Structure formats: structure tokens, C-alpha cells
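Next come the structures, one after another.
Below, chain A partners chain B and then partners chain C, in two separate complexes.
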Partner chain A sequence: MDSVLEVRNVSYLYSKGTPFERVALDDVTVSFERGKITGLIGHTGSGKSTLVGLLNGLNKPLSGSILLNGIDIWQKPKEIAKIRYKVGLVMQYPEYQLFDETVERDIGFGPRNQGLSDEEVGLRVKEAIRYTGIDADLLSKSPFELSGGQKRRVAIAGIVAMQPDVLVLDEPAAGLDPKGRREILGHLKDFVSERGASVILVSHSMEDMAMYCDNVVVMNEGKIHSNGTVSEIFSRADELISIGLDVPSVARIAEKLKSRGITLDGELYTVDGVKAAIRKYIGGANNDL
Partner chain B sequence: MISDITLGQFFPGNSPLHRLDPRCKIILSVLFIVAIFIADTPIAFAFLFLVTLFLIIISRISAKVIFKGIKPIIFVVVFTSLLNVFLTVGKGAPLVEFYFIKIYTEGIVRAIFMSLRVILLIIGTSMFLTYTTSPITLTDGIESLLSPLKVIKLPVHAFAMMMSIALRFIPTLVEETEKIMNAQKSRGADFSSGGIIKRAKALIPILVPLFVSSFKRADELAVAMECRCYRGDINRTKLVKLEYKIRDFIWIFVFALILSATILTKFLPDMITRASEVLDILFYHI
Partner chain C sequence: MEQKDIFIEVKGLCFTYNDDAGNNSPDASPALCNLDLKVARGEYVSILGHNGSGKSTLAKLLSMILIPTSGEIYIDGHLVSSPDISDDEIYEVRKKIGMVFQNPDNQLVATVVEEDVAFGPENLGIEREEMKKRITEALEMVGMTEYRRHAPHKLSGGQKQRVAIAGIIAMLPDCIIFDESTAMLDPLGRRDVIEIMERLNKERGITVLNITHYMDEAARANRVVVINDGEKVLDGTPKEVFSHVDELHSMGLEAPQGKELIHALNKCGIKVSDDALSEEECVEAIYSALIGD
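What follows is the complex of A and B.
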């Protein structure tokens, strides 16, 4: 497997040496495949956000290393800012980071910090709004006039405009309605296929994982619980349920049917997959359906 | 990290200090502060130092936490001590003379007293107020202590409510600042290099979002309070009523004694000389 980011034996503690000390990551080793969308799931407090903060060098792991294209990101601590352009991190609720007078200037903040010319920044902004589905009319508006979903997309565009090799999104669709989710996540595939970039998508929603991701990494209590392709992970739905995660509702239907003696096969984590499997099962017994 | 600052943080517990009435603790802090500012002899400082040590021991708060609490002010203390050492002009001959630098004994003594004063002040008051009193009980205490001022139409309740809201949101604001800083760092913002103007400019991407979200939060909080029919202190009753216990009076009495003892130390040398004079005269006559 060609991995773009590798996490090797990484551990991290919060509030080290105080009564509030808490282990956030415990000897985590995992790698993220180049050119793919990898989902990162786990319930609250499983260490997802901590891991994400380590990937672009916001925090330094207490032990272990993080390799970007095979090179330790902390090899030259003074140049960690450059790593942040290569591993673009969209934090949770990123709309809170908007500050500039116009949407265009705000999206261009990252590229300007990279030291690009005005012309180049302009091109980057145009490209970024295409990948995030923002109307060009919005560019001259103040970011504070926009709706919640639009703000969110502008914030994501601000990271996309830096043209990172790896785009890391921490719960990009949290608090949005299904339409808003589709608008934000739907464009990710274009970004990956056209730019050859890789994406790491942190989410609670198994439906999103099933729909948009190629691979899935499951985290539990600061450790990697399992990792593999979407079908590998969701074929073990019972395990995910046992660590308190939700599986896609259709996968739960398949699971229930299985416990009643009806074993389906196929892609049992998307609506279409389960539909096809049920049809096949019933079709075998009764050709009328 | 910013969130590691412990000054002004409440540590839940059940020590004798935690159980005291908040009004009592405010009064005790005031007595203690007055004692610290009156003290100006080594004996008085040694005495107040022991009192502080006693408070730390019975509060069962770890020394590490307390040390972390005073860490942020150490620079100020050292800086003012140095000013005192170098700028105080004493009566006798200078202790050290080096070109224009003259150090007098008085300067050193003053610097030591000043540092002790600041450190004891911070530890003493945070022992009573911040470390052992939750912000809510503290403002309850303030409101109750100030309630006589309602007679002259001072909005005591509003004042207390403002304080408790402000205190409550300090950690939130710190957390938020950290989050926004991380978000802007992820976009390549640089807060730690360049000249003053460049650094001040680098703060804009932090301050704007911080203000926006603070206003938004204030608005949301106001709406939430109104939804629960908040109308200031009109007809508002308390779940936990503050009541003075005997132990509160004992503590206040003891601290009044401590304060008087500190005042007495001021006159101690004077009294000793006067007493010896009296004795001299007596012996002379015998």
C-alpha cells in the first residue's frame, strides 16, 4: 500500500503532570493510503481529534513519529509551518475561524501566508470555490453575512486553497442538514480524483463513511480498533456496535435479519447494496418479487 | 499551553476551607490582605508566612498547583524586586558600589518584603477565594455581603450576576482562543515572528472571530435566560441559602487576632525600648 501519511507508535497525553492528566492516544500505529478518502470514526473521546491535531503538527506527539511521504514531520521543528500547508486541517466548526472583510480575502488567507503572488492567490481561490461548491457571487460579500452552511464551505475552501497533499476534515458536516452534508462531502471526490490529493474524513456518521470513503479506520479509547476498506469494516457490524458505534441503519437491518436466520450477502452498508441483497434473497425463494 | 494556567481555578474538595461560608471567606481575605500590607518587620512576615502555610496544608491542595498559580507573576515580582534593589537610597553607606550602581541594605530588605507581600497575597487570597470556593458560591457571597447597598439603589444583583457570568466564561474563552489560534495556524498564520506591527496584525485573525463568537454567545445566553423567565432578583429564591455557622465566627475571630498581632509587631521594637527605659529608671531609683 502506498501511504501518504504514516503514524508510528504515537502516544499523547493531555494536561501532563496535573491531576487532570488523561491519555488521549496510546501507541497508535496506522497509515493513510495515497489518493483515497479514508474515514476516521470513533465515539467522543476516542482520540480522533487529538490524532488529527498531530497530523499537521499543531501538537507534537510525546512519543512516536508521524511520516509525511516517508519523512518525519518533526525532523525540522522550525519548518513545521510548511507541513501545515501540505497537510491541510479543517477543524471542527471551522466557520468560527472566518475573519476577513470579504469571502475572497478570507479564502486567500492561507495562500497569502504561503507567500504566493496576488495573481496566483486569485487562481487558488477560484479553484477552491469550485471544489467546495461556492457561488462566485459570494466572493465579494462579508463572510459574516452568509448562512451557516455557506460559512462552513468558505472555511473549508480556505484550506483547500492551500492545495494540500492531504486534506484532513474534522467532522465537516456536524450540525448540517442532509442537503448541506451532501453539498460539502459530495465535492470531495472531485478534489481527490482531479488533484490526486488524499483526504482523511473524521465523522460520527456511518452513512457518510459508507457513501464517501474508500477506507475506514476505527478508533476506540485512544487506540486503533480496526482498519480496512469500507466493506471490510462494515461487514463486522456487530463489533462496531459492541464498542458503542452506530452502523448505517441499513446495516442494522441486515444484522437483525441475520439474527433471525436470514443471511444476506453483498454490500450490506448502503441502501442500494442491502436492497439488492434482499431482492436476491427473496428472488431465490419467490420469483414473483 | 494557555489552558495550563491554574491561577483563578476552582479545585473541588471537602477541606475545612471548602466548607466555610463564602461571605466568611471574603471577610477573611480582606483581613489577611490588610495584615499583609501592614506587616513590615521580619517577625510579622515570618508569622504571616506560617499562617499561609497552615492554610495550604488544611486546604489539601497540592503544592504543585499552588506553584503553578504563582508562576505567571514571578516575572513581575523579580522585575520589581530588582527595581527596589537598585533604586532604593538608604541612610548608611552603600553595601555595594559599582560606578553608578549603589545597593543599600534597605533596598534589599524592601525587595524581599515586597516579593513576600505579593506572593503571600496571591497564595492567601486564592486559598480562600478561587481554589476552594466555586465561582457560583463566591458571587452568592459577594451579593449577600453587598446587599445592604441595595438601600441606595445600587444594582447589587446585576453586578453579582455579571461577575458570575464573566467568571464562568473565562475557561470557555481560553478554550475558544486556543481553538481559533490552532485554526489560523493551520492556515499558516504566524504569531511568533516579526516586529511589533507584524505581530499586532497577526492578532486580527484571532481577535475578530473571538469577538464575533463572544457577542453571539452573549446574545444566546441572554435569550436562554429570558426563556427561563429571568428578571433579575425579583422574586428569585435560592436553592442553597447561605448561613453563618459557629466555625465561621471562630475563623473570623482568629483572623482578627492575626491582624492585631501583625499590627502589634509594628510597635514591638518601640515597646521593648520603652519597657527597657522604664526598667532602667526603676533600677536606677532602687
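What follows is the complex of A and C.
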């Protein structure tokens, strides 16, 4: 596998040496495939945000290493800020990072800091609002005058505008309406194909994993539980449920139909996938006549 | 008689956010527009709507964080939208409604979880023994007992949310408004919180309003209200509301996956009864369509 990011034997502790010491990551080794959308799931507190915070050098692993394109990101600690433009992280609750006077300035903040001209910044902002479905009318508003979902989009646009090689999104769709979810997550595929980028997507929505991801990494209690393609992961429903996760609702429906003797095959994790399988089943049944 | 059972009554409610100078700018479009809503005591209602449709604004008006631009709001018979309402009355009514938000960070205040849960009741002047009991019960209800002595700001997102909910539960309000409180929870955590909502509603008769973008979650309430661009557009049982699949799509929403599947099958000529809503019902409906009678 061609890995864009590799995590090798990484451990991380919070509140080291106090009674509240907490092992958040325990000897984690995992790779993220270049040019793919990789989902990251796990129960609350399993260590997802901790892990993604290490990927862009926001925090430093206690032990182990993080390789970006094969090079340890902490090789030159003084240059760690550069890593943050290459690995763009949209943090959980990103709306709390909004600060500028207008939406437009907020989205343009990263590119401006990258030293781009006003004109280039303008183009970046334009492209970023396209990827995130922000109405151009909102650009002159204060980010504090937006609804929750609108703020979320602005925060994502700010990172997208930096055009990172790896876009890491921590729960980006929480709080978005279904259309917003489809727009933003759907556009990730374009972002990957148009820009040759890679995406890591943290989410509690199994439906999002099924619809938008190529691979899925599963975390449990600070460790990597499993790791594979979407179908590999969702074929282990019982295991997922036992660690606080689930499979998409439509996958359960397909499973129940199968257990009642309806033979369905294919990718049974999305509405479209199950629909296709049912059509095929009917086609097959008709042919048998 | 019937009047007595109405807990929330909203008539012709409009709200427009002020501009920076605090003026009601004439060109600002209203966040809520001529909204009527009645919620009976003990009801369990989901509120759906696209981003920016006005759901949180409604929640803030009901919990008296905002004051209507025009229109009337009655909470438990008190006309709270009146400018003449006394401070005592405001205090009295505020106790009746608790709010849980998506991000609990701005609701968590103390350095230890149990103190955080105690914060609300303490402000209500609840005595020590009673308070201890409420804290224990509330933490139990959200499954955070073992974190009782932990620092809230060091918990993960989902763990914090449960603590925030415990803080509201401990105040024993008549009504709780959940504003996307499950958005940051894992599937198990979401199920837990939904179960908590349903238990609070069934066992304690608490009126529950659940603002959510998860359609399967919305479908579990007794009633679903859909807001679009500041106006109420659908209001009925989950079955009624989710039968308008195309209309929901046009408003940026959708139906639970099973319902979406049946809708898609019908569109491509596979006739499935579209009365089903829950997963079980959807399986039944599709099964009988495929097997044929």
C-alpha cells in the first residue's frame, strides 16, 4: 500500500504523573492510504481526536513516530508549522476557532499566512466555498452571526483553502443537515480526485463511512481494533456493536431480509447498494420463471 | 380543561436578529416568521429543519434567552413574551425548561464532574442531602458514575455531553430541549441518550423537544415538526411527516434509511407499501413485496 501518513508505535498520555493520568493512545501503528478517503471510527474517548491531533504536529507523541511521505514530521521540530499546511486539520467543534471579522477574511486566513497574494487568496476562498456549499452572500457577514451548521462549513472552508495534501476532518458533519452532509462529504471525493489529495474522516455516523469512505480504521480504547475496506469492516457487525459502534440502518435491513431467505449480494451498506441488490434479486427471480 | 394540558403555546412568533448597533435592520430577514406551535405537557416532539432554518432560535426563545420581535409565547400558562413580566416570574418559569446543547464545553463550569452536575441545583437552592441524591441519580442515568471525581474538561466529547445532560436532569425541569445533543456521540452513546430522553418523558412525564439532524432519531418521537426558512411547514406523527419524502428532500432533509429505500424502490417500479417507518416495518414491507402474496 502507498501510504501518505504512517503512525508507528505511537503512545500518548494525558496528565502524566497525576492521579488522572490517562493512556489515550497505546502503541498505535496504522497507515493511511494515499489518494483515498479513510474513515476513522471508535467509541467516544477511544482516542480519535488525540490521534488526529498528532498527525499534523499539533501535539507530539510520547513515543513512536509519525511519517508524512516517509519522513518523520518531528525530524526538524522548528519546521513543524510547515506540516500544518500539508496536513490540514479541521478540529472537532471547529466553529470555536472562528475569529475574524468577516467570513471571507476567516476563510482566507490560512492562505494569507501562507504568503499568497490577495488575488490568490480570493481564488482560494472562492474554491473553498464551492467545496463547502457556502452561499457567497454570507462572505461579508460576521462568522458569529451564523447558525451552527453555517459556522461549521466556514471552519471547514478555512482549512480547505490552504489546499493541504492531507485533509483531516474530525467530525465535520456533526450538526450539518442531510443536504449539507451530502454536499460536504460528497465533495471530498472531488477534492481527492481533483487535487490528488488524501482525506481522513473522523465520524460517528456509520452511514457516512459507508457512503463516502474507501477504507475504515476502527479504534477501541486507545488501540487500533481493525482496519480494512468498508465492506470488510461492516461485515463484522457483531464485533462493531460490542465496542459501541454499529452498521448503517439499511445494512441491518438487508441483513434481516437475507436471514428470511431473500438472497441479496453486493455492497449492502448504502440505500443505493441495497436498492441495486433488490433489483438484481427481482431480475433473477423473474429469469427463474 | 384542555388549556391546562398545554405546556408551550406560541402564537404568531417572529424573530429578527439585531445588527451590530442593536438595531432591527430593515433588510435583515427574520429567523422565525409567524410561527404557531402548541406542545402539550408530557409530549415528545422532534424538531427538524435545514441549517439556519431557525430551530436554535426557537429553542432560545422558548427558554427565554431571546425575546420575540413580535408574537406571543406562553410557558405553562405564563405569558413570557410580555415586556411587563416580573423578574420573579421569569425566574420561576426559567426553572421549568432545561436546555442541552451540541457542544457541552460552554455548559461545563466546574473542575470536577460531580460539582458540575451540582451547579444547576445549587443555584436553585436545593439542600445538600437532596442534592447528593440527585447527582448520584443523574450520573447513573447517563452512565458516568465512574467519572464522578474526574475533571470534565479532560473528558472526550461524548463523555462531556453526558455530564451536561446529567446537570440538567438534576434540576428536575418540566421540559428539556435537546439542541442536537447527540450530534457528537458514538452510536451506543446516541442510543443511550435517546433512551434517557424517552425514560425522562415516559417515567417522569417530562416534556421533551429534540432538535436533531438524525432522521431515525426524529422518527422515534410521538410528533415531528419541520421548520423551513423560519416557517413551520410540516407537523404530525412521524409516519405522516416522513411520508413526504420528496418534499423533505427539497428542504434539504431526508427520511430514515428504510423509508428512503422503500421510496427508491417504488420510484424504480418495485411496488412496496410505503406505510412502513421503523426498521422492522420496512423489512416486513419489502419482504412481502418481494415474496408476493
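What we mean here is this: the second predicted complex is superposed on the first by the 262 of 289 C-alpha atoms of A that agree within 3 Å, B and C clash if a C-alpha of one lies under 4 Å from a C-alpha of the other, contacts with A are read in each partner's own complex, and residues count from 1 in each chain.
The criterion applied here is as follows: contacts are C-beta pairs under 8 Å (C-beta built on N, C-alpha and C of every residue); 3 or more make two chains touch, one makes a residue touch a chain.
Computed from a prediction, not measured in an experiment: that's the story for all the values here.
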item: Combined model on chain A where chain B meets chain C, clash or fit; value: clash
item: Touching partner for A:Phe144 - first (chain B), second (chain C), both, neither; value: first
item: Which of chain B and chain C A:Lys60 touches, first, second, both or neither; value: neither
item: Which superposed partner A:Lys275 touches (first chain B, second chain C, both, neither); value: second
item: Chain B versus chain C as contact partner of A:Lys76, first or second or both or neither; value: neither
item: Chain B versus chain C as contact partner of A:Met91, first or second or both or neither; value: first
item: Chain B versus chain C as contact partner of A:Glu171, first or second or both or neither; value: second
item: Larger contact residue set on chain A - chain B or chain C; value: C
item: A:Gly110 touches, of chain B and chain C: first, second, both or neither?; value: first
item: Which superposed partner A:Ser15 touches (first chain B, second chain C, both, neither); value: both
item: Colliding region between chain C and chain B, picked from 38-46, 74-82, 236-244 or 254-262 after the shared-chain fit; value: 236-244
item: Shared contact residues on chain A - chain B and chain C; value: 15, 96
item: Touch list for chain C against partner chain A, complex; value: 17, 20, 49-53, 56, 102-103, 105, 150-151, 154-159, 180, 183-190, 213, 215-216, 252-254, 256-258, 260-261, 264-265, 268, 270, 279, 282-283, 286-287, 290-291
item: Chain A - residues contacting chain C, complex; value: 14-15, 20, 22, 42-46, 49, 92-93, 96, 142, 145-150, 153, 171, 174-181, 204, 206-207, 244-246, 248-250, 252-253, 256-257, 260, 262, 271-272, 274-275, 278-279, 281-282, 285
item: Residues on chain A engaged by chain B in the complex (per definition of touch); value: 15, 17-19, 53, 56, 58, 81, 84-85, 88-91, 94, 96-100, 109-110, 113-114, 144, 158-159, 162
item: Residues on chain B engaged by chain A in the complex (per definition of touch); value: 3-4, 6, 62, 64-65, 68, 176, 179-180, 182-190, 204-206, 208-209, 212-213
